[in-house]
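The next part holds the structures, each set out as structure tokens.
The following pair of complexes shares a single chain, subunit A, combined with subunit B in the former and subunit C in the latter.
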Partner chain A sequence: MSQAPMPDFSSSVKLKYVKLGYQYLVNHFLSLLLIPVMAIIAVELLRMGPQEILNVWNSLHFDLVQVLCSSFFVIFISTVYFMSKPRTVYLVDYSCYKPPVMCRVPFSTFMEHSRLILKDSPKSVEFQMRILERSGLGEETCLPPAIHYIPPTPTMDEARSEAQMVIFTAMDDLFKKTGLMPKDVDILIVNCSLFSPTPSLSAMVINKYKLRSNIKSFNLSGMGCSAGLISVDLARDLLQVHPNSNAVIVSTEIITPNYYKGNERAMLLPNCLFRMGSAAILMSNRRSDRWRAKYKLCHLVRTHRGADDKSYYCVYEQEDKEGKIGINLSKDLMAIAGEALKANITTMGPLVLPASEQLLFLFSLIGRKIFNLKWKPYIPDFKLAFEHFCIHAGGRAVIDELQKNLQLSGEHVEASRMTLHRFGNTSSSSLWYELCYIESKGRMRRGDRVWQIAFGSGFKCNSAVWKCNRTIKTPKDGPWSDCIDRYPVFIPEVVKL
Partner chain B sequence: MGRLQEEGSSPIHSFRLSTVSASRPTETGMTHEPTGLDLAMKLHYLKVVYIYSAQTARDLTVMHVKWPLFQLFEHIPWIVGRFRRHDSGRLFIKCNDCGTRFVESQCDLTLEEWLRVPDRSVDESLVYHQPVGPGLAYSPLIYIQMTRFKCGGLAFGLSWAHIMGDLFSLSHFFNLWSRTLAGEEIYWPKPSNLQKGCPNPTSTTDKEPGSIKQVDPVGDLWVVSNNRKMTTYSFNVKVNDIKSQLPANRNEFEILTGIIWKCIAKARGKSEPVAITIIRPDPNGLKHRAVRNTQMISSVHVDFSVVHANLDDILKAMVEATDETFLINELGERDEDFIVYGAKLTFVDMSEVDFYEAKVRETSPRSVYCNVQGIGDNGAVVVYPAAKKDERVVMVTLPEDEMEKVKGELEKCGLVKELSNGE
Partner chain C sequence: MGISRQNRVEVKSMLTAISSKPSRSGQVHTFSALDNAVTPHTVHVIFYYPRSPFKSFDLDSVRIPLSELLSMYPPVIGRVNKTQEGILEVKCNDAGLRVLKAKVSVGIDEWLRSADGHEESDLTAWEDMPEDPSTWSPFRMQINEFEGGGVAIGLSCPHMHADATTLTVLLKSWTEAQRRQCITQPPSFFPMPYNLTDTDAVNSDRDSFSKPIAGPVSTKTATATFRFSGSAFTRCINEHSIHEISPKATPFDVFAALFWTRVALVKDKSDRVCLCVDFRRLLSNPLPYGFFGNALNFSSLEMANVVEVAIGHVARLLNEHVSSLNVEKIRSGLKRARSQEKMYGKDLTIVNMEHMIVEGEPLMYQAVFEEGVKPMHVSYRIGNDGGEGVIMVIPSPEKGFGRTVSVTLPEEEMSKLLSDQEILRLEPEVILKGVK
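Moving on, here comes the complex of A and B:
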């Protein structure tokens, strides 16, 4: 994506004020139009004088039938409107898992283990070290207990035990925070891409918490890092159909069974970046939850680029030459992510952008397509539409790319970078850690709009727009509570190991 | 030794290695500079095993054991770092949170069966040991082995590089672990409050210290190369039995040293040792416990034949021991390769070490094993408290070919009640 089409005076102060004036004019067009209309009516009324006004009033005949019909008509229209309006879906609260200190993996430990496990492939060890140095991860990220062994012991038992540890802890915390009773859960959605045992993880949750037998449970697997927002979309759709209900979503990625044991370089990358994490979210369409809910779901846009072969194969799970299974990340990943984002914001833009930006975009489009002027495509300024951004912490490159494409400042992407530093790439739950970061910093105010962007294999780009329902006090507990004062930290380009 | 060894395959199996680090990241760039005394000790390793009964330790899981270690290492970050060399070649520790190796294992025997053997040198197999090097930057300084016995009993075997600290430090560290496990908040004094472990020059002699010997350069693999195969034997003695040997009111360690010196001298015959090294803790070090080397190393030299001498004369000579700690510290600064334990016949006094303070569920360990790895050809004797308050354990490490003769001498002088053959 590229620069603005206007001649490059953007550094000029004059243009800034022109832009501001233009935005104010277009975005408040209707209100501004109202002023002259009111002025004209006022002038007219004054001119007519009180006697004439009374005459006009008396000349209007109000028949009982007419009055009744009009009232019923108005009531009928209002009822139809309110019935067909989609139910507002709220995010009541959410909880992110904080791994225990015993799962901590400092860089030096990771590298030492790597040298011991891959002792026959020093080049692969060297490669892993270079990845780690530039990854943007910090020294406090966590791996599950099974991966701490030399060599790792990724048995099914260990995977289940990791799943129980991360999911149950997050859910216990959610139940405590919201006061929700397990038997009151109406809908349960669990998403975990790479671990899908029988019975499913959602069955595991139902078993542990003794949830109701008529619960509507769903288990989404294989949908990649964007599955968290897919679960939110599913919950929203279900909450349209079921009145007065709530939905619990559990987003996680179980690392244990997916540790790549081979030495193919493109497949070693996930070992360096993926870390333990999970989030449990409570959504509701009940009116009684309106007061205590943290956010309201405004929009959710899903874009799937799977029809394009290059996108489909760019994150591909396969066996290497020695038959070891791992996830192959293609070199075009960033370019494909950029394309997917472009497709997503093409749909998202009209829903969220103020009229001023949409008009500019329209003019630029007309100019390029119809008049064939050599303008670069106009990138709307999304900073006007949102106060906070949560970009999936897939890796440093993803955040850099999006920051560049959307022209965001360092503070906008701070939540994403700091989450990557503190927790690593926790896959579908990373968006929730980032949201928690913003809340922990005390930046979330009532009325603030948040844009969550997630990318996932397929290749998918999903966006969710939330509006903050009430100013959120800095949480006393939570994954950031013991370290938020140390953030933001400066993350060097290359960490010397 | 015992039927355990005769079986061929070890009863200890199913090793699983992992790493334990600090709970919080250490400040980037933090380093630790070893003193000369530390460097002089680099070829030696301390091995200690704490054995807990099934009743005490049955419910302790690996996570229960690892958690206090994480808390402790946050405050002692250099013991989980790795060695590097400055451009000058001088060794230092980079505090990079790399961690210690944690080894889990299983034992097919019950604790009763394991502890049946009076010669506790079998406990060696409960300590997973690897030397530091050849890749200094990737060698942990501590190995902790957690062995689960068939009945549920637990053994913790620590292999500890002597360059970090002495036996007092090791026992202090493990005591802190047990206190953290019990939920106690540990007070960590600021580093400036600790005395820098620099020993003061107590003697004015310029002689080369006798208790330390330079060895051929070992490079980055810190292993002592012995010319003779060494073996270990241990036995228990009652304090009262020792004290009854001499009417005078003497320290039981000194009496034991004198007796054993005589026995070994008799066994060695012509090449009887006329000089010994005594290593004991620094009384000041006891007040401010920390992880560092504070031991006092002194040398005793006699000009008479120990074989024919009176125990009293030997003890008198020991009183006149020369404290060589300062000289060793100076020598160590040269950063060459030395051995101290076994350079001369060495006697290590650990009678005051509080091993049994490492309580789990308020119960002391049932048995403690303590020895040194990397002892030179002249051998070493370590004396430390046994589980029973009035007993001491004597751990003797000598060349294999003279051990039988020494055992015979020990039996003759009544220290060892009877030599059991095989069992």
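Moving on, here comes the complex of A and C:
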């Protein structure tokens, strides 16, 4: 989809070396400039000799007032600088929920239930089967207990019970991992898009763990699959205002009340893809957490395309002809996702891309706009900016589309594909399962940069950039611990059902 | 007849229990000739516990061991498939075990006192294989919660898939997994020894899909369960001087003989019975208890004028018949089975379950979920039987010579049997006979 704006060379090897040389030159420009400058100064000093240096020093005529004023000035400037610097926000640790084995949904069980419940709509059953075959999901994804019933029993009690199971298990694990005491939690953010009872899920957490009465709690609902990064953004902003604090974020999606009971095809899709999962994350701005934190938050960019009607209506919850509520996914979802991504990386690019890529992009832009040359738009190589990518496992099509757009290799999108296979689309928590996959594979080194991209209804595209703070040892327990050795698996295009 | 009673068992919901690990794809379980021979029947086991180990069942701690156990039994969670040649087989596709949850409106003691055979059948699922079995779970478990605590776990399946021993071992293994113990009888899917399998191809031209053959089933049957203590055995031996005629008579021989003669009196005929014996341990290379499938030998026994013969002689006949069972007899029994339509109930059938006593302990009463809470009763029922009657001699909860005898007969014959003095003299505890 993109070509280098340079004239074609005869062999790609030469091109590769030229590119490498160019990148090194531009990215380390200032350091490279420093070398001749230092050389000149050294030569000059050596030439002058010690006596002359002392003469120069004495001629400067320092007196007390000048010294005091200058040092005061220096201290003042540095204080202003340090005070106005945004607080660094760290991700101390996080934990992902691993559903119990009895919630597993093999393909055969899913199709059998589908046939038994939709016995009057064989075409819808066929459609579901085709979706499942091509979905990229594996045989170990899980649905909550209420959905294992024939017919499913999505009562409010069951929904609350699922919420308690997934949230409390993840939080217990987080408290154990980080040694955090419940009474020390300063900020609590819970995001769950489709289930919003009264009292809220955040109130449920506060009640269970007896959190402090002056806690700042937030419950974000209705914000779709990208709500996880919205919560991170909210936590970051709050941690700028409150010094020496920590924030616990719980990202989840409660499946029980939202299982579509009708037979409208476009609305059956979420039944096939959405699965049970949750993640609990601890973020902090305390200096004492600097040493044990896993990641540092570098950037967070949110893009909302809701102003465009097509984007707004593309993921729409509505009633079908029989009055059953479901989520309608429009056919141009992929195209809209692509547009949203472009908007996001336009903002993200300048923040993260090395100077070499930005320069190339600038040249390409100048060439196309000002000189009207017929060049294709230059897609910056994001692989230079990041070592790891976590693309929301919304579905196989989303991952394929992004892999194509960003020109990523199979290994870059491996975390996303394998998460989709093992856990299904767990909505806002999928990014954390993917991050956990990368850590479980032992690939996360200190200094590595991770790019998390999430899409959600609205239509939103949010991305977060993290920098790994310390090399992470393969976790002994966690959602991937018992199966990581089997991954990566080959996922066929179509699974024969 | 009695007053028509309101249904005391109400099925509330149905779900599917899944195995914990995906099975190897393409695995298929084929049926043996014996499996096909017992096709018309269904087998049901009901375990009664005074205290329920379940809470909501959805997230109970017993669910995880159940899932792990189901991974060890791929045919239990598979689905029946008809191949292109018309042969039935089980495609092990992990679809899962169907579980039904029901509530009983009375307490467990009241139930055992007042329920009859028909009501007890509400405690398990009785369904014949439909035309299209691809979404039909052959194995079904029903969890019946009684008022005030107490639970009855009913396991059922078409007899073609497994016999009563397999179902008992399945549930017992679940309890062992739940208590984190070693599974003493792990499942074994190796086919029967070659010298027992018929070389002829097995096909379903016997129309195994069709509904059960109408006929004798139209007479209403009744069931009653007689629990005899060890002292009843001793009394019986002494009163009928059995040991003089048959010194090696086992409790099975004695109680089977007793009931054969008394039922023969009630029936006015019945010189011939069909004896059903499990042959897992009778082979020279014994099959493990965990052998999955059917390992039953059906053979005919005749005694002229059995009504008048002393029980001792009948006991001796039974004893000799059972102890003389060898591979040859088992083989010929299998050959004969292919040509019969119904194995149970064509003649009065006596089922021997002595093999379930391992080292003096009855297998089914070792299925304990919580320490100290043994099953208070275990019932076995055979569906679609021929109508002449089935007598099952089942081990008692206590070690020793006591036995529990479960009798299914046409209604009029049963009511006569319930007032039989010879039986009542031994002071059995009669349960599950209904209330007049």
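Miscellaneous remarks
What we mean here is this: the second predicted complex is superposed on the first by the 486 of 497 C-alpha atoms of A that agree within 3 Å, B and C clash if a C-alpha of one lies under 4 Å from a C-alpha of the other, contacts with A are read in each partner's own complex, and residues count from 1 in each chain.
The working rule: a residue touches a chain if its C-beta (ideal position, glycine included) is under 8 Å from a C-beta of that chain, and two chains touch if they have at least 3 such contacts.
The structure presented is a predicted model; accordingly, all values stated were derived computationally and were not measured.
After superposition onto subunit A, the partners subunit B and subunit C occupy overlapping space and clash. When the two complexes are overlaid on their common chain A, residue A:His242 makes contact with neither subunit B nor subunit C. When the shared chain is aligned, subunit C comes close enough to touch A:Met165, but subunit B does not. In the superposition on chain A, A:Arg449 contacts neither subunit B nor subunit C.
Residue contacts after overlaying the shared chain place A:Arg87 against neither subunit B nor subunit C.
Shared-chain residue A:Lys296: touches no atom of subunit B or subunit C.
In the superposition on chain A, the residues of subunit A touched by subunit B in one structure and by subunit C in the other are 100-102, 104-106, 108-109, 112-113, 115, 139-140, 145, 148-150, 153. Subunit A contributes residues 100-106, 108-109, 112-113, 115-116, 139-140, 145-146, 148-150, 153, 161, 165 to its touches with subunit C in the complex. Of all residues in subunit A, only 100-102, 104-109, 112-113, 115, 138-140, 145, 148-150, 153 touch subunit B in the complex they form. Subunit C meets subunit A in the complex at residues 13-22, 58-59, 63-64, 66-68, 79, 93-96, 134-135.
Subunit B makes touch with subunit A in their complex at residues 16-25, 63, 66-67, 70-71, 82, 96-99, 138.
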